[in-house]
Amino acid sequence: MKKRIALTLVVVGLLFGGGTLFAQDASTADTIKLYKQAFDMIWMVMAAALVFFMQAGFAMVETGLTRAKNAGNIIMKNLMDFSAGAIVYWAIGFGLMFGADSGGILGVSKFFLVGADPATYRDWMFQVVFAATAATIVSGAMAERTKFSAYLIYSVVVSAIIYPFFGHWAWGGGWLGQMGFHDFAGSTVVHSVGGWAALAGAMLLGPRKGKYVKVGGKTVVKAIPGHNIPLAALGVFILWFGWYGFNAGSTLSGTDLSIAHVAATTTIAAAAGAVFAMFTSWVWFGKPDPSMALNGALAGLVAITAPCGAADPIGALIIGIVAGILVVLSVEFIDKVLHIDDPVGAVSVHAVNGAWGTLAVGLFANPANIDGVSGLFYGGGLHQLGVQAVGVLTAFVWVMATGLILFAILKGTIGLRVTSDEELRGLDTGEHGMEAYSGFQIFTTM
Amino acid sequence: MKKRIALTLVVVGLLFGGGTLFAQDASTADTIKLYKQAFDMIWMVMAAALVFFMQAGFAMVETGLTRAKNAGNIIMKNLMDFSAGAIVYWAIGFGLMFGADSGGILGVSKFFLVGADPATYRDWMFQVVFAATAATIVSGAMAERTKFSAYLIYSVVVSAIIYPFFGHWAWGGGWLGQMGFHDFAGSTVVHSVGGWAALAGAMLLGPRKGKYVKVGGKTVVKAIPGHNIPLAALGVFILWFGWYGFNAGSTLSGTDLSIAHVAATTTIAAAAGAVFAMFTSWVWFGKPDPSMALNGALAGLVAITAPCGAADPIGALIIGIVAGILVVLSVEFIDKVLHIDDPVGAVSVHAVNGAWGTLAVGLFANPANIDGVSGLFYGGGLHQLGVQAVGVLTAFVWVMATGLILFAILKGTIGLRVTSDEELRGLDTGEHGMEAYSGFQIFTTM
Amino acid sequence: MKKRIALTLVVVGLLFGGGTLFAQDASTADTIKLYKQAFDMIWMVMAAALVFFMQAGFAMVETGLTRAKNAGNIIMKNLMDFSAGAIVYWAIGFGLMFGADSGGILGVSKFFLVGADPATYRDWMFQVVFAATAATIVSGAMAERTKFSAYLIYSVVVSAIIYPFFGHWAWGGGWLGQMGFHDFAGSTVVHSVGGWAALAGAMLLGPRKGKYVKVGGKTVVKAIPGHNIPLAALGVFILWFGWYGFNAGSTLSGTDLSIAHVAATTTIAAAAGAVFAMFTSWVWFGKPDPSMALNGALAGLVAITAPCGAADPIGALIIGIVAGILVVLSVEFIDKVLHIDDPVGAVSVHAVNGAWGTLAVGLFANPANIDGVSGLFYGGGLHQLGVQAVGVLTAFVWVMATGLILFAILKGTIGLRVTSDEELRGLDTGEHGMEAYSGFQIFTTM
């Protein structure tokens, strides 16, 4: 970093030493080069801060959509998947994902940020908040019944191993990227990876007590409403806000003039997702449902994350509309047909719509936006769609396999689930010895 | 966008190809030009993200200041006025407001962002979040009794028609702007437009049940306290935070060195508004009232929005002080004298203080800050004040007229108000079939 | 500012007038100079907005960790220490802190921002949000029993006098800075100053009723749990988010390429603080405690604030680990041994860990990061550690002395504490005539 200091001194000298110095063309060139680095630095660090803030959004959404007696536990899980995750991503994950490529399979340098230069710090800062996003998605689907210690171990393994490996394949120079797989900001890399892991966890955990009750051979599905919808809504607004860092920051360059294009398609898809999830719930249940509309906004955001740079606004609209409809149908299908208990709809929002958005690149990518990425509806034929499908399928297989193995090991050793009694009383008391809303009259057995 | 990619390649080549390349002066010029675009891009998109986040602020303020039984409905309205609003603003609103001017009255191009270049995407992104702000202001004044479907239609019309027309007159090249009307970030264009629409809505809706009770020929005014003051406070902090994007972003340029001046006047006026609303409530009610102090901060922010670039800090202080006092008196007057039921004080905060701030430009504008804008106290005479008054009056007439017509049509067709029974039980159950705080003991008939 | 406008016109002319103009080297130099100013402007104003948002974080943490019956009062205190504080910092504080140095003791110009240029506005904007942070820290330690009027006066004195004087010594050209004291973003200047004042306040106020009960000569310590842990968690996430502005913004330059280094060490220390406070509470209490983990994240953030630029990632990890352990032990010690009632743990988080982080510069500073700042473990010997200790001690003596005097005066005149009866019923009713959660069933005597 000595060099940086020297460079800064040169610049300061130039800027405040008077205009005549600029006769030296080499110095002007150095300054212009520094400015390029400064653009990337402030843009990506600011975007990283926004993406970090999405942790608050996830925490509020998951807390709000579950019961009051487990609120402290959910908070704790969200705090810890970022905190423990950031440390292991610094130690191992970042190196596996973005270190020098070995055979298209994994990275093998940059561990512990040893000898990092400013650009490496910048990249780590932007990537660590993405890694944490993948890990935190799991928390919601496993809410209200998972042992805290098991969650802690699982969450670390996702950030250190499961996420970085797939991330290397797609973004770190690995085989998927080499094949032409296009996932601008991580519909698959981040959201589907988190979402499939959530599915694996929810399957092995089993449903919450009283969620599916057998009555005379038939399964009656009980709705378990969340305890704080305003908090969940706040979470969605925070996530949407942070998504401008997530998607627009994924230009990875502060001088890329497509930043606003990305922000615009993100906005349009999220809006369409919210509106059409609302209409779908209106038709399906007879009334416009706030939780579904909120999940619709998230579904639109997840879906546009891969194609946000490649799609035009009209493509973004359609992608969002489909996402809004899809999320309602998927939530209903997973709950009512598959009888898998996902308290916050994480699988439908992140896995299903992550897959949809990634495939949508193969449909709606306009090659005028990103050179060489061309969808079916823009004259690209089936090629890109096929590559996208390979990426979607790979994520499913990789994460379901590693996730099921990991959860099975945890289940067979320290145990994955709290006791029946603890689940009834709430995990806040059982796991943490506290209550989230001291002084309030709450019906905790609900 | 092909051109952009080529340009980026040139820059990358220049920056990393070594300093000797800079002998070519034309390339240096291209790079410097790109940097100007990059400054504007990252500044305005980041500012737009902050302004988007204000939606969360509005949602929390309105939810917190009303009753628990309607919290889900308010969330839903806030989510939808942004979501539906963004789509129609993309389709129609932006073109009407910023398309090529036709006769000083409306814009006639840029619909659907067809053929948009990076600068147009950037401008749309910054403007769509402003349009949504205007629409969302109405929600609070019409809280706790409005039919959801009627609100949905109304909200779309504001974002597609009512707001863009006035916006074109003031900001899009229309007749008000040509006349010299100065509204830096939208005290009138955004806040008064939203606020007068809120007034029209509240008038045609009538008060909430039990708000004004006739007892022996005299009207007894009942206070209906909000259910979550910490949430309302969070909302105000979020709004204040977002306002730095709203006002400082309205420089519309990342190389405008008055950005910090704008942020400073914004801070001082908001602070003065909070402090003086608190003191006014202390004198008026005998105790310093948190809701009034919170609304005082918002009143200061609304009032400084027009003059934030033109006023000096001392002007900002006075503008904020007046706003803080004015908001308390206005809330009292509208409630106790006019008997118009505005649950969150939206009319006083946004319409009244929007008007005040816009007129304040004609008093406190220092021409040393913005060339040609000169207030009465800075040697400008009555000219600017007169022009500002024309703008304020125009907004009032345009919005009240269109608003009353629109609400009257809705009232006469699908109906504007929920049934008496639904209002008592709460709109969450009636309109949406849910409850916001499941498991909590709440007295819903309050 | 006339000059600014002219300069902007030149730039606009250059950029859009065509490349040939760039034959004039002087103009290129002017543009490059303007860009440097623009980098600093947008970076610091955006960072300032993030730091402002920390006010919301403090408000939510303090509200969530105390009882529902005092929530409105805490909101009001947090709103007012920023609002009143900003006004007096504009009038007096900024000039005392950053005005022209007089004898190494205080600044004597820049009051009221008279004649400020863009750079001065920028600096004020960044500094005013720091001043408010110092003031707001006190609020938590004095929660649930302080008279509102006394708090208001105290809070103004901190922002106008106590904070600016120490700030001048360390950052404004005063004697501590001259001596080589290194506090990158304010572990001592902001957090310890706030934290020691909080200690002074809590000592003179005495504990909340029922907190320490004498039973047969022995003092029984009662835990008084907070009423809203999700809100407290949201506050911590907001604070962590805002800290990226706080620390990375303290580069004070948008072209400083160490911005990401600072963000990375901040992230690692905060994460380590959360994880190790959790483990410590697990060992200490038998269960992982959410409140402790949340305070652990804050402790890590406070501790890394001074060394965030000088320490390497491994140093940041150790600093965070120590902070996480330290905060739990300190909270226990202050509560169980000293019997000083600090409802939110403000003294342990801000004063104790502020001191730790400041001393840690003397241990972990790598001179490769910041020239001339070299810690014990990086070959710097004891010199830097000694200087850091002088700074830590000076803050303690200055703030405890002025704080105790100020609180004693308030206690002897208008009174520092509400009546016993008001404390039981809650300060919301007594001080403000309102309740924070209207309609909810709450056990207020808890």
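Points worth noting:
The first chain written gets the first letter, and so on, giving A, B and C; residue counts start at 1 in each chain.
Operating definition for what follows: a residue touches a chain if its C-beta (ideal position, glycine included) is under 8 Å from a C-beta of that chain, and two chains touch if they have at least 3 such contacts.
Keep in mind that this is a model prediction, so the values were computed, not measured.
Taken as a contact graph, the chains are fully connected, with every chain touching every other chain. Think of subunit B turning onto subunit C: fitted on CA atoms, that turn is 120 degrees, to the nearest 5. Both subunit A and subunit C derive from one sequence, and where they touch, under half of the residue numbers involved are common to the two copies. Remark: subunit A and subunit C have CA centroids separated by 31 Å (rounded to whole angstrom). Contact with two or more other chains is made by residues 28, 32, 35, 42, 46, 228, 234, 440-441 of subunit C.
Partner subunit A is touched in their complex by these residues of subunit C: 25-26, 28-30, 32-33, 35-36, 39, 42-43, 46, 50, 67-69, 225-230, 233-234, 236-238, 240-241, 244-245, 248, 253-261, 263-264, 267-268, 270-272, 274-275, 278, 285-291, 293-294, 297, 313-314, 317, 368-369, 371, 440-444, 446. Residues 1-2, 4-5, 7-8, 11, 14-15, 19, 21-23, 28, 31-32, 34-35, 37-38, 41-42, 44-46, 48-49, 52-53, 55-56, 59-60, 63, 71-73, 75-76, 78-80, 82-87, 90, 112-113, 116, 118, 121-122, 124-125, 128, 148, 228, 231, 234, 431-441 of subunit A are the ones touching subunit C in the complex.
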